[in-house]
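As written, the chain order gives the labels A, B, C, D and E, with residue 1 at the start of each chain.
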Amino acid sequence: MDITPQDIVFHIFAGVATVGSILVVFMANPIYCSFFLALVMSALGGLFFVLDAAFVAAAQIIVYAGAVMVLFVMVMMIFDLKKDSEDLTGFSPMTFLKIVFVGALCGVLMGVGWLASGATATPPVDLNEQKSVMIKNLSTAPTSAVTDAEDLKKEVVEITQNPQAGKDIFKDYSDTQKLSLKLFSKFVFAFEALSVLLLVAIVGSVALAKSRGGTHHGLKRPS
Amino acid sequence: MSGNLLIGILLLSPLLGFLINGFLVKQNNKSSVRAGCIATAASTVSFICAAILFCSLLGHDAPPSIRSYFFNWINVGDFRSDMAFVVDHISGIMIMIITGVGSLIHLYSVGYMSHDPKPAKFFAYLNLFLFNMLILVLADNLLLLFVGWEGVGLCSYLLIGFWFSDPKKAAAGMKAFIVNRIGDAGFIIGLFFIFMLFKTVQFDELSKLTYAVDVGWGPLTLATLFLFLGATGKSAQIPLYVWLPDAMAGPTPVSALIHAATMVTAGIYMICRLSFIFVATPNTMFIIACTGALTAVFAASIGLFQNDIKKILAYSTVSQLGYMFLGVGVGAFSAGMFHLMTHAFFKALMFLGAGSVIHGMHEEQDIRKMGGLAKKMPITHITFIFGWLAIIGTPFFSGFFSKDEILWRSFASPMGAKLLWLAGILGATMTAFYMTRLMALTFWGKSRVPKDIHPHESPLTMTIPLIVLAALSLVGGWVGIPEIIGNIFGIHNGWEHWFHEVVVDVEAHGSHLEEALTMLTSVVLAGCAAFGAYVLYTKKAEQLDGVKAKFSKLYKIIYNKYYIDEIYEGTFVQAVVRGGKWLWSFIDVKVVDRTTYLLSDLVRGAGNGIRLMVNGNVQQYALYIVFGLVGVMILILARAS
Amino acid sequence: MGSSVLHNFLKVGLNHYLLLSGLLFSIGVLGLLLRRNAIVILMCIELMLNAVNLTFVAFAKYGQNIDGQIMVFFVMTIAAAEASVGLAIAVAVFKRFKEVNISHFENLKG
Amino acid sequence: MLITLIIFLPLVFGIGILFIKNEKIAKSIAFGFSVAEFLLSLVLLHRFDASSVSLQFVEKVEWLPSFGIQYFVGVDGLSLWLVLLTTFLMPIIFLSSWTAITKKVPAYCAAMLILQTAMLGTFLSIDMILFFVFWELMLVPMFLLIGIWGGEKRIYAAYKFFIYTMLGSIFMMVAIIVLMFLTKTQLGTMSSSLLDFYKLKIPFDSGYFFNPQTLMFFAFSLAFAIKVPIFPLHTWLPDAHVQAPTPGSVVLAGVMLKMGTYGFLRFAIPLFPEAAKQYAPLFIGIAVFGIIYGALVAMVQPDMKKLVAYSSVSHLGFCILGLFAMNIEGVTGSLYQMLNHGVSTGALFILVGMIYERTHSREISKYGGLASVMPVFAIFFFITTLSSIAVPGTNGFVGEFLVLLGAFKVNKLAAGLAATGMIFGAVYMLWMYKRIFFGTAGHIVADGDKHPLIDLNAREIAVLVPLMILIFWMGFFPGNFLDKTKVSIEHLVRNHGQYTLTMNK
Amino acid sequence: MEFTPIGIAESLLLLPMTVVFIFACIPITIKVLNNNVEPSNILSIGIGCCGLFIAAVLLRIQGAHTDPVFFGSLIFDKMSVMVNYGVLLISVFTLFMSNNNINTTGQSLAEHTFLILSSVTGMMILVSASDLMVLFVGLELMSLALYILIALGHEQKFSKEAAFKYFILGSFASALLLYGVAFAFGATGTTQIHLIGAMVPVLMATSKIFVLAVIMIFVGIAFKTSIFPFHAWTPDVYQGAPTPVSAFMATGVKLVMFAVFLRLVTEHFFSHNDNLVFVLQILAVATMTVGNISALGQENIKRIIAYSSIAHAGYMFIGVIAASNATTPDAAGAVLFYLLSYSVMNLGAFAIISLIEKEERGHQNISDYSGLGFKYPFLGLAMAVFMLALAGMPPTIGFIGKFYIFSAAIKEGYTGLAIFGVINSLLSAYYYLRIIVNMYMRESTHSVSVQKSALTRTVIAASLVLTFVYGIISTQLYRPALRSVQAIMKR
């Protein structure tokens, strides 16, 4: 078990992410904070690459480091940020307490994470998941519905009797293909629900931005 | 059946009188005669019934008792008490005394209360008293007796406090009731003992039982002791006598009827009723005798120097009651009953006489302001002399026989003792002294009546009862002439025989010579004392001050009744009141209530404290979340390992 | 033996990723607790979500289960939505209070 | 239907009265209805079979079947008279408060009537959950009565009353639930019926306090002890009594305190016989202490109502003493004492209310010589005083005597000490009577111009006369009352430990 | 056998929540199309209620299904149907209240309606979620809508502050929940609840990661249900939020989140670990106690109700704990019943608060309620009843709910918890009574006018009726609750 280049890359990115996130917390100027946050996110994107999640890594950099951070920076532009010096709390017993508790939290999380690495389970046989794969098969092989149905039935029986077969169905696809397949089958509902969520977020943000506040009994008061 | 009816009328007639006078007759001055007539009629009807009932008991083939059952009162579990009454030899005598003397006093009151604003109320109470007293003596079981027992106490309370706008008089009534209550509590405990031991409180059932003599302090002794405690309350014995002198605050007829003739003798009656139990408990008997003797001497000694005419008579009553207890204590129940009767006559007479004096003196009661009234109030004077002679034990007057019987029994009875006899003699001597002093200061000697008071003789309604009672004071004792004298005249002592069936007398053992000697001793000593007093208070009155000065301390103590009232006030009363105040202000308010407050303040304070956690700082809230998270994690993970 | 420990530390496995994500998450929490600038607090929340993303991807890799990567998409989307709403609220707050320092937002308490 | 009618009629009327705006009509109707209710309960009395120990007039309807909870009501000798006491007092209360309550009269009438439903329900429920429902329901109208129509510190008193009473009942609730699960394990089906509870064998261990039976016994006892109230838990009572309006005090003293003793009689003692037996000395001790304590504290009270309130502590001590004597005399006496206390203390509160209405003062020291000004009032007060201090011939005597007799059989010392309660009872009552009615005219009586001290009017006499009649009736003819309860009590006492109850239609 | 890629039948099951969301969009669409002119209040609310009603009808038609659909993402079982009914009712009441509330009525009611209904959509997803990720999405949908709803209140400062606080803490809690989901995913390889549930007995003993996952998921949900010590936001947010929104949060969110608790509990997420159960007991007791004693000295009525909602969460949590090891559905059914009963009482109380309050935290102190009882007999009576019901006095629904919870706790052997519960209901009586005392026993110090709103009064009347009716014939509600949880336990 030699140390591979990936390991070294991990350590570099991990170091960058850690230092960056510490700086996010301790930089007084929010603009710097946002810069370091972008750095952390990019580093994480790098780690995603290391973890063979290229598509996710790309999305991470585009969506997070790009879009979301821009949003943050933009909002910061709106605010008048002259009172940065007061931003960080001075050292008080409460600060101490906070650090102690967060340290404890950190200890538990890291400790359990470090010690429990071997405890990852293989995914259980999930008939629903297999069904989703079958549906893919069904859609890629347009034959007569009747025979398909017959085939499907056969396949279902086969898979049920041989659980390992379910895993093998995936092996022909690339990661991104697998992602898309799953996204639109197994997680289709969540995906659709997300669209609603985004709509709500948009409408909500707009409504909030438009709202003028103040109590008005149906009257429209000029802002 | 006729027994039932007669007893019914006997009882209900005073009750009816009470109801009519209490609710129908207008409460004003003018109704005095009407109310008095109604009440007197009611009691007279009772007297007639009582007389008929009594007569039916006479004769050889007469029934030993007449029972009458009205209805069941309490019947719970094993306990049963009926509204049932019995007239037998003992209660027969009692009802005669009660209704007889009662009627006379009712009659007397018509005159006495003629100027009172609320005579109807007075007569109503008087009738109610008669009713309760009759229940007491006629009751066929102990609990019903207790009904009358408390009932008479209640009437006593009402009548003592009759002129309630005087705080002292109201207080005296209350004192009487409460002191009586102490005795009553004892009585009821005694009753419980009796019931626990014998499963019944019916007199006839109890009397049929046989009792093993309890020489120690077993439950039977306790039972009788507690009953005796009840008796000391009602009959004003040491230590519960204190209410009786104060009870003189009531109208004088009340003093005569309730606090001399009838109610106060209830204790004697009760003990005689249960004589078969009492004789089985020699320890109790001894205590009774001692208490009686002590009370007789003690009260007489207080009576020596009192100046209030009614107070003197009151202490005299306490003293005489002591004699009765001495009698029953040595097992001479019939002698006790005998003295009860004679005392009822002469003491009622004296009280009424005193009432007549007070009436004539316009409510003046201090004998130092009297003197020489013999001329102004001849009838009162003559009748009073009868009473005086009776009480000091002048031979052949009623008091002589009964008192001597008691003294002789205390001397000779196996339950008696020489010391008891000696105390009796001492008491008798003192009685002679202070009664003579009373006579001397009131009726004889020079007049010391203030100028603005013009004493006058009382009206006829008042003097007739006096005359009747005077006669009775003379002849009342002749039913129980002792053998040594009776043999001379060939008269049989019917009294003891009469009681033979109901009362368990303890036989006296002594020779006639001893009896004659003791009798002589007491007569001589009493005579000397009386003479001494007469001389002192009529002839040598001016030397008195010197004597007083010589013994000023002793005189003061005695004059202030040995400060017993003050001692009681300072100890028991104060203890109770202070205790109550302490319980309230400390235990109730400071401890119990404060604890409640403390708890609620604690909870509310904790709440306000915890609310400080919600201080508006959102990071603080986040810290709580972290705290909770870490806490839960550590608790679970650390405990797991 | 020391070299063995070092080797174990340098040889990257799932535990390294969990360690890192735990660390990043905790740093995010620390920022949330300590920073007073509303925007920075929002950033810290983003940091936490990123730490979770790392966990998901690591589990996806080491658990041979691509579902983890899908979760990351969801988390990203939600994080973006959250960020937009959060910033909208922050703007609204800023409009009323003229202030983004959260120590001024302590009117509701008790 | 009779019992349901009796329970719920007042509720229906009470809600109806809320919609009446006119005060006079409202109180007339309330009075009329309460009289009708009383007549209805007389029908119950008339039809009651005194020779049966079973529950009578039983009505049973499924309520919460999954828990075996039923609408289950019935009456037997133990509850009969308490029901009648309740219905009897209610018209008297309405009549007595005719002029005393001036604000929000319809609401007042409604509260009283709803309270009546709750009280009757409490006495008549056989199902424990149903009992608990009524038990708790009772708090609300009483809370409002004290709080809305009460005296100066009414709010404080109302809180205290409510919280204190609830403090007791919550643990009872837990115990009831535990019992319900016990029925499931022991009898097969879950039930909250008292009849089933009686059949349970609840584990008991005399050597160890923390055993189910003892704990549940104390859970129940706490609820009832607070209601009674027993000594250290009594502090709500003086405040509630003093601050409550007269009708509230009357109901509180007349009926609600009885719920505690009734609870002991009906539930705590027969359900947990071994525990009750073991801890009977404790309760006897507390009861005796309470008798003396209540009397002594009553003695030094400067306020009439407070005095009467503490006297309740003393009187209810007798009830507890009798109950824990656990013999026929004691229990009978206790039950009788409950009725007595309802009548006599109820009357006392009415009387105090009458004088308060005239002078707006309850301070004893301000009175004196009232008997000359208001003789009729003085007579009524005196009769009530007699009843309160248990003079033979009045109802109080019968009860106290039987209680003491029962207690004496068990514990002589306790009975002896309790007998001193008789003495102190006389002390505080007569002392108060003396200070109010006797002596020289006091501060208030002397300047009668400010508050005309007119003697009682016809309405007030009409209020008091039934109570006075009852005082003597119950004193001289206790058999009339005790005959109805005799077999029930004998059954209860003789079967201590294996008490069961049946029902007949 | 007919087979379709994603069965139409499956898709149709989404119809209720879809309808809700579609109807949610209608008022704002109208507004946008109409030149940004606010449609009339009644129109917005009417459309919203219409949608909710149709959704309810659809739910009724579809009924319950025992198996998960959408590849295990969702499950429309009896419990979700029942909770959905509850959510729909609550949202109707909320909309009714919003009509005349000083803080919601006016120019943005269309958005308000949209957000309420969106939140309802999120809730419906949440209760039907059978996958932790879907659960998270539903939670976020619900929460985001709520954050904005709070911020939209007309209060100048308080609503913004409350929204901001709620947002920060809510996001933090979501992050924790998400972390937990990630750990659960790592430990089991799946996010489907029933699959994880099957592994719990093994994992609890072997995998610390899984234990951590459970804890963090618990914390995430506990935050929303305001279990101590995750409760601190509750009073601030309830106070700052517009009253209808507070009502919505106090009832709807609580209902849904406890339903999620129940779902996890019935899959034995919280069992098989004694320490966990022990800690949960501590938290339950602490929650009740802290909630109740904090409310004792509080003056602001909304904060009182907020603290009381914390306490009630504690009571319900007792039921959850009792359900965690139960084999019978009693405890879970009791929790469900309690949730519904609590919602009814609380909505009524909030409706009254909503009528009485004035702008900028005006007329929210309990001293403002002085003399109200006799001045407004109906409102006074209703408030008194709601307070007594919340205190657990019979014969209201509050009593019977407590009875079910405590009896379930005793049945499962948690007698200690039941005792703490009853003691707490005693403590709570004080502050509920305080409100009654103010209404009936104190003279009013200043005149308080009450808004006239037929809709809000309808809410009050309906809650009043339900409070009594289900207090007396509670079986009619308890039995369906029992059956609905029985269904999920059988699986």
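Here is the rule we go by: contacts are C-beta pairs under 8 Å (C-beta built on N, C-alpha and C of every residue); 3 or more make two chains touch, one makes a residue touch a chain.
Source: prediction; values computed, not measured.
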Discussion item. Starting from the defined contact criterion, work out which chains touch subunit D and subunit E both, please.
Written reply: B
Worksheet item: What are the chains that subunit B and subunit D both touch?
Response: E
Worksheet item: Taking each chain's centre as the mean of its Cα atoms, which chain lies farthest from subunit D?
Response: A
Item to complete: Count the C-beta pairs in contact for every pair of chains, then give the pair with the highest total.
Response: A-C
Worksheet item: Which chain is the middle one, judged by CA centres?
Response: D
Discussion item. Farthest chain from subunit C, going by mean C-alpha coordinates, please.
Written reply: B
Discussion item. Distance between subunit B and subunit C based on Cα centroids, please, to the nearest Å.
Written reply: 98
Worksheet entry | For subunit A paired with subunit B, centre-to-centre distance based on mean C-alpha positions, whole Å | 103
Worksheet entry | Rounded Å distance, subunit C centre to subunit D centre (Cα mean) | 66
Worksheet item: Roughly how many whole angstrom separate the Cα centroids of subunit A and subunit E?
Response: 28
Discussion item. For subunit E, give me the residues that contact two or more of the other chains.
Written reply: 133, 137, 140, 144, 147-148, 151, 156, 160, 164-165, 168, 172, 186, 189-190, 208, 212, 235-236, 298
Discussion item. At least two partner chains per residue is the criterion; list those residues in subunit A.
Written reply: 98, 102, 105, 108-109, 112-113, 115-116, 120-123, 186-187, 190, 194, 197, 200-201, 204-205, 208, 211, 213
Worksheet item: Counting only residues that touch at least 2 other chains, which ones in subunit C make the list?
Response: 18, 25, 28-29, 32-34, 36, 42, 58-59, 63, 65, 67, 74, 78, 81-82, 85, 88-90, 92, 96, 102, 105, 107-110
Practice prompt. Could you run through all the chain pairs that touch each other?
Written response: A-B, A-C, A-E, B-C, B-D, B-E, C-E, D-E
Worksheet, complete the sentence: Touching subunit A in the complex, subunit E uses residues 1, 3, 5-6, 14, 21, 28, 41, 68, 70-74, 102-103, 105-108, 111, 114-115, 118, 121-122, 125, 131, 133-134, 137-138, 140-141, 144-145, 147-148, 151-152, 154-156, 160, 186-190, 192, 195, 198-199, 206-210, 212, 359-360
Fill in: Of all residues in subunit A, those that touch subunit C in their complex
1, 3, 6-7, 10-11, 14, 17-18, 21-22, 24-25, 30, 33-34, 37, 40-41, 44, 47-48, 51-53, 55-56, 59-60, 63-64, 67-68, 71-72, 75-76, 78-81, 83-84, 86-89, 95, 98-99, 102-103, 105-106, 109-110, 112-117, 120-123, 170, 175, 178-179, 182-183, 186-187, 190-191, 194, 197-198, 200-202, 204-205, 208-209, 211, 213
Worksheet item: Which residues of subunit E touch subunit D in their complex?
Response: 374, 388, 393-395, 399-400, 403, 406-407, 410-411, 415, 418-419, 422-423, 425-426, 429-430, 433, 436-437, 440-442, 474-475, 478-479, 482
Discussion item. Which residues of subunit C touch subunit B once you look at their complex with the stated criterion?
Written reply: 29, 32-34, 36, 102-103, 105-110
Response to the item:
subunit D residues touching subunit B in their complex are 160, 163-164, 232, 234-235, 293, 296-301, 327-329, 332-333, 369, 371-372, 375, 386, 391-393, 397-398, 401-402, 404-406, 408-409, 412, 415-416, 419-420, 422-424, 426-427, 430-431, 434, 437-441, 476-479, 482, 486, 490
